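Just below sit the structures, each encoded as structure tokens.
Heads up, the next two complexes both have chain A, just with different partners, chain B and then chain C.
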Partner chain A sequence: MPDPEKRFAEEWRNAAYNCFSSGHKFCREVCPVMQVTRNESWSPTAFHANVVAMEKGELEVADVAADYVNCTGCGACELRCPNSLFTGDFYRFRTRTVDLVKAVRGLAVSQGVHQPGWQRWNLLTDERRHEPVLNGTPVDQARVRDWADGLDLPIGGETILFVDCEAAFYRTSVPRSVARILNLAGYKFGLMNEQWCCGGPAAEMGYEEQARRFAQHNLDDWRAAGVRRVLVLDPHDYITFTEDYPKYFGDAYDIEIVLVVELLAELIREGRLTPHVPVERTVTYHDPCRLNKRKGVWREPREILRAIPGLTFHDVDRVTQWSYCSGGGGGLPVEKPELTAKISEHRVEKAAELGVDTLVSACPWSERPLSEAGRARSIDVVDLHELLAESLGVAP
Partner chain B sequence: MTVLLGDPVLEELRQILGPEHVLTGKADRLNRARVPAPFPVHRWAERMPDLVVLPASTEEVAEVLRLANSLRIPVVPRDGGTGLTDGAVPLRGGIVVDVKRINQIKEIDLDNRTCTVGTGINALKLNEVIARHGLIYPDDPASYPCSLVGGRIGTSGWSLIGSRYGHTRDLVLSFDHVLPTGRVIHVGDGIGRKITKSSSGYQLKHLFMGHQGTLGIATEATLKLFPKPEAELSPFWAFEDYDSAYRAVGALARAGVATFAGAVLFDEWKVDYLRRDDEAYIPQPSSVKALVCAAMYGYEDEVRAGGRRLLRIARSLGARYLGDEISEGDWAARHDRYATPLHGRTRSGQVVPMSWHCEDASINYTNLPAVRLAWHEIADRLRRESDVFDDWGMFAYTNGATGADYLTEIDIGIWEQRLDDAAWEAWVRAKRDLAAVTLAHGGSISACHGSCREGEVDLVPVELGGGYDVMLDIKRAIDPNNIMNPGKYLLDQAYAEKS
Partner chain C sequence: MKYRYQEEMSPPPPQRVTDVAITRFEHVFEVEPGLMTDHVTQQTFPNWDTLRLVRSRADHLAWMHRHFADKVISGEELLHDLDE
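Up next is the complex of A and B:
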């Protein structure tokens, strides 16, 4: 066995055995990939068992790298696992499928095993400093602040708003809504001087060196501009800044990360924002995986929805939502768009059963696949920030 | 002996199923060679299939079996892969037919109160859908979140609330069954899809249930539904000694309360095991040695009345009620507290990841105390032999409403990272001994998982006597070429006799 693989197997051995020795697959039916493929090779338990097989010399990373594409990083399996649910806190153990999948992807790349779509995606990202987003959408440093045209936002300052690549270049009405709402509340913030991709997607696909390089650039840029606080509207960025960056930079990382959804809920609570324009829609809410499942953020988006007059809100409890995902995360849409589409169809079908006309999400990356699936069922997919802006009477 | 599959077979399977549903990768095969029951990991590769197929319909399953039968290729059906007796693990290579893609809900019949589903569906998922109609499919094993309908049929599984609603064999009304030759039949009571009782002909439904994939593959099943219970009551009681807990559990079951869904008796080893961490069990004074729980399901008014009676009976037998919070919490955790490897302990108390193994039997009420002592002695012997084993205690669950017999299980933790050939041999011996104790006490080797694993399987012919010879005749008649899950239940003997 090559050395990196040996080191990897050693590092993950006990965690892998904790799942392998259970092997009950309580996690299986909440896994969005499993739900649409029913292929046990792509289940959380297989992801762990493969490590045991690697340790036994039965498998090499090249044999399994393609299997590890089939994960959106949603975190549902981790929450559903009795090893986290039951004994986790007591033994300070949590099943970490998401990290394991990332680690195997990283191992594969370091061994020169590439997935063609991911390789191309990360090359382009490296070239342009931003994710390619959509074929034909011009993506580069010169345009990363175009979304803010006419909003008259300063550059730099103590607090800045970080806008993910999808929202900055494609879903521009989301950051515009956020900016207008914050202005309305008198909340001061600026834009980043030279913003690169957060590096999170590269890390998720296994391109660790690139991810660290991008992270370093952003941190340096923040430091140079005296930034103390970064506002984040994208759940994926939120994970990168609160989980990856501290891992890269350790204690030296002293930037406060604020999730916009939480900030907005607070501003409403404090009476600094009062939604008043009725929005006559029947909606349900799609908990973005990285908020509900991975960060336990599920109250604030509901607080915001309940504050909007005119809305009829059919909620689904957050635990049921453990098994819902848009399929848009973890690099899945880049390698397997057809699976992402199926997962989104599945999600929208659940919304349709509630008799709603609108599915509200709070994640720019979920909107493309969900909207596509929604069109087939005449369900609108709307971003929470935009909906709030509408009710506050501030057009994007 | 591994069958090497030539390319023409592969090509034909790809034609039948579509290329993406024929898996040949090593990881695909390794992951279909494993169930939660511990096994010597260093011998993992011995159990691998040559191929895995993922059919989507009865017709596809039939075509695969027709092909396999004509070429004498072993076939192993696999569903949830949660079976604990290795039923879904190939012994001779061949093709694993993984039926998880056959998971559609075909019909919900509100008037006859049945539904028809593909056997790759999970009961929890099914219940999420039928709950909207106020209905429930009450097959509720501890593996409720992960076992699937086909595997429930293949093992003739046992439900935690079976005293109220019946077990898998009662709840599955009928199913499409693909014979090893590829012929498709429908078995139920008579031919009826939704008939619950008939007396035409032999009772074939039961023959094709619990065969561990040795007689074919069930693909589409019609299930009995019930009104979703309005109320659920699950009181837990503490006892200072096993004997009084034992007396209480019997009295509760014999009381004949209509909403009674089941009772469980935890012995002192099990209580010790639960004390190992404080999340699965709220700490009780050390004077607590045994626990009893009862579960009632039904309408609010009937559950409340029945509950009062059971609480009265328990109190009169020295029980201390643990309170609503603990009771509800413990019952809610009934699916999750099993198989947590972090409960494993070496003799010196070190925490190590251990797999859960559950040895089960049907034992008459009167024999429970004796079997319990004999079984713990076997576990103790194992533990003295090696740090690889740990005694996780015993449960006894009522099998039926009368309390005549109990699913009796001893849970053994096994440290698979250290499981070598010698330890495995010791384990197989222990399984044989556990089964022998069962038979010596007039019990049946298995109440829910089946008994086709190394060790206990040796005693199946002893348990069944002349019935086992009939089993051999049936196997030969239905599976002339011994392609279905060959090697299981020692059924190879059927063919040795013939030649």
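Up next is the complex of A and C:
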């Protein structure tokens, strides 16, 4: 066995045996990939079992690397796994399927085993410093602040707003809505001087060196501009800044990270924002995986929805929502768009059962696949920040 | 939730509960870290992670009770049913 694989197996063996020996597969039914494929090789359990086989010299990463594409990094399996949920805090040892999947992908890349879509995506990202979210149209540094045209936002300052690639180039009305709302509340913030992709997607697809390089650039840029606080509207960035960056920089990481949804709920609570324009829609809320499951943030989005007059809100049990996913995360749509589409259809089907006309999300990355699936059922997919902006009477 | 590395990585000081358990957050118990150094070493947990698990567990149990248990049956009643 090559050395890196040996070291990998050593590092992950305990976690793998912990899962292998219990083998209860509670994780299986909440996994969005399993729900639509029933392929056991793509189950969280298999992802752990492979490590056991790797340690025994039965297989190499090249044999299984393609299986590890089939994960959106939603974290449902971790939360449903009794090893996390019922004993994880007690032993300080929880199931880390998401980290494991990332680590296997990283190991594959380090061994020269690439997935074609991911390789191309990361190559383009490296060249342009941003993800190629507009297919053929190049996105780059020169256009990264275009979304803010006419908003008159300063550059730098103590607090800045970080806008992910999808929102900066494709879903521009989301950051515009956020900026208008914050201005309305009198909350001061600026933009980054030179904003690169957060590096999170590269890390998720196994391109670790690139991810670290991008992170270092952003941190240096913040420091140079005197930034102390970074506002984040995208749940994926939120994960990157609160899980990847701390891992890279350790004690030197002195930046405060604030999730915009939480900030907005606070501003409403304090009376600094009062939604007053009625929005006549019947909605349900899609908990983005990276907020609900991976961070435990589910109250604030609901607080915001309940503050909007005119809305009829059909909520579902947020524990049940642990098994919902748009399929848009973890690089899945880059490598397997058809699987993402199936997962989205599955999600929208659940919304349709509630008789709603609108599915509200709070994650720019979920909106493309969900909207696509929503069209087939005449369900609008709307972003929470935009909905709030509408009710506050500030057009994007 | 505002994330600050220093705050998340500084857990409240442990209080000993028994020889094998400590507590850092109210009603949250942990294995004495000294006992987890040989075979399975503890992971680095930021504070939010511990609290997320605890809260999710409470939510999950409440959900279970809402869905699977709508009345409480005593052991005596069960035995009585069997006898009939």
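Here, the second predicted complex is superposed on the first by the 394 of 396 C-alpha atoms of A that agree within 3 Å, B and C clash if a C-alpha of one lies under 4 Å from a C-alpha of the other, contacts with A are read in each partner's own complex, and residues count from 1 in each chain.
By definition in this document, a residue touches a chain if its C-beta (ideal position, glycine included) is under 8 Å from a C-beta of that chain, and two chains touch if they have at least 3 such contacts.
None of these values were measured; they are calculated from a predicted model.
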After the alignment on chain A, I want to confirm one thing: do chain B and chain C clash, or do they fit together? clash
Of the two partner chains, chain B (first) and chain C (second), which one does A:56 touch, if any: first, second, both, or neither? first
Between chain B (first) and chain C (second), which, if any, makes contact with A:94: first, second, both or neither? second
Of the partners chain B and chain C, which touch A:119 in the superposed model: first, second, both, neither? neither
Between chain B (first) and chain C (second), which does A:295 come into contact with in this model arrangement: first, second, both, or neither? second
Touch test for A:85: chain B only (first), chain C only (second), both, or neither? both
Give one of first, second, both or neither to describe whether A:159 is in contact with chain B, with chain C, with both, or with none. neither
Which partner does A:319 reach: the first (chain B), the second (chain C), both, or neither? second
Looking at the overlay, what does A:46 touch: chain B (first), chain C (second), both, or neither? first
In the superposed arrangement, which partner chain does A:258 touch: chain B (first), chain C (second), both, or neither? second
Pick out the shared contact residues on chain A: the ones touching chain B in one complex and chain C in the other. 14, 18, 85-86, 89-91, 93, 320
In the complex, go through chain C and note every residue touching chain A. 1-6, 8-9, 28-31, 33, 36, 39-43, 45-46, 48-57, 59-60, 62-63, 66
In their complex, what parts of chain B are in touch with chain A? 23, 25-28, 30-32, 34-36, 38, 41-42, 44-45, 54, 80-82, 98, 100-101, 103, 120, 122, 124-125, 128, 132, 143, 145-146, 277-280, 333, 335-343, 351, 353-356, 416-417
Can you list the chain A residues touching chain C in their complex? 14, 18, 79, 84-86, 88-94, 96, 241-242, 246, 250-251, 253-259, 262, 295-297, 317-320
Under the touch definition given earlier, write down the residues of chain A that touch chain B in their complex. 14, 17-18, 20-26, 28-29, 38-41, 46, 49-50, 52-53, 56, 58-59, 63-64, 67, 80, 82-83, 85-87, 89-91, 93, 320, 353
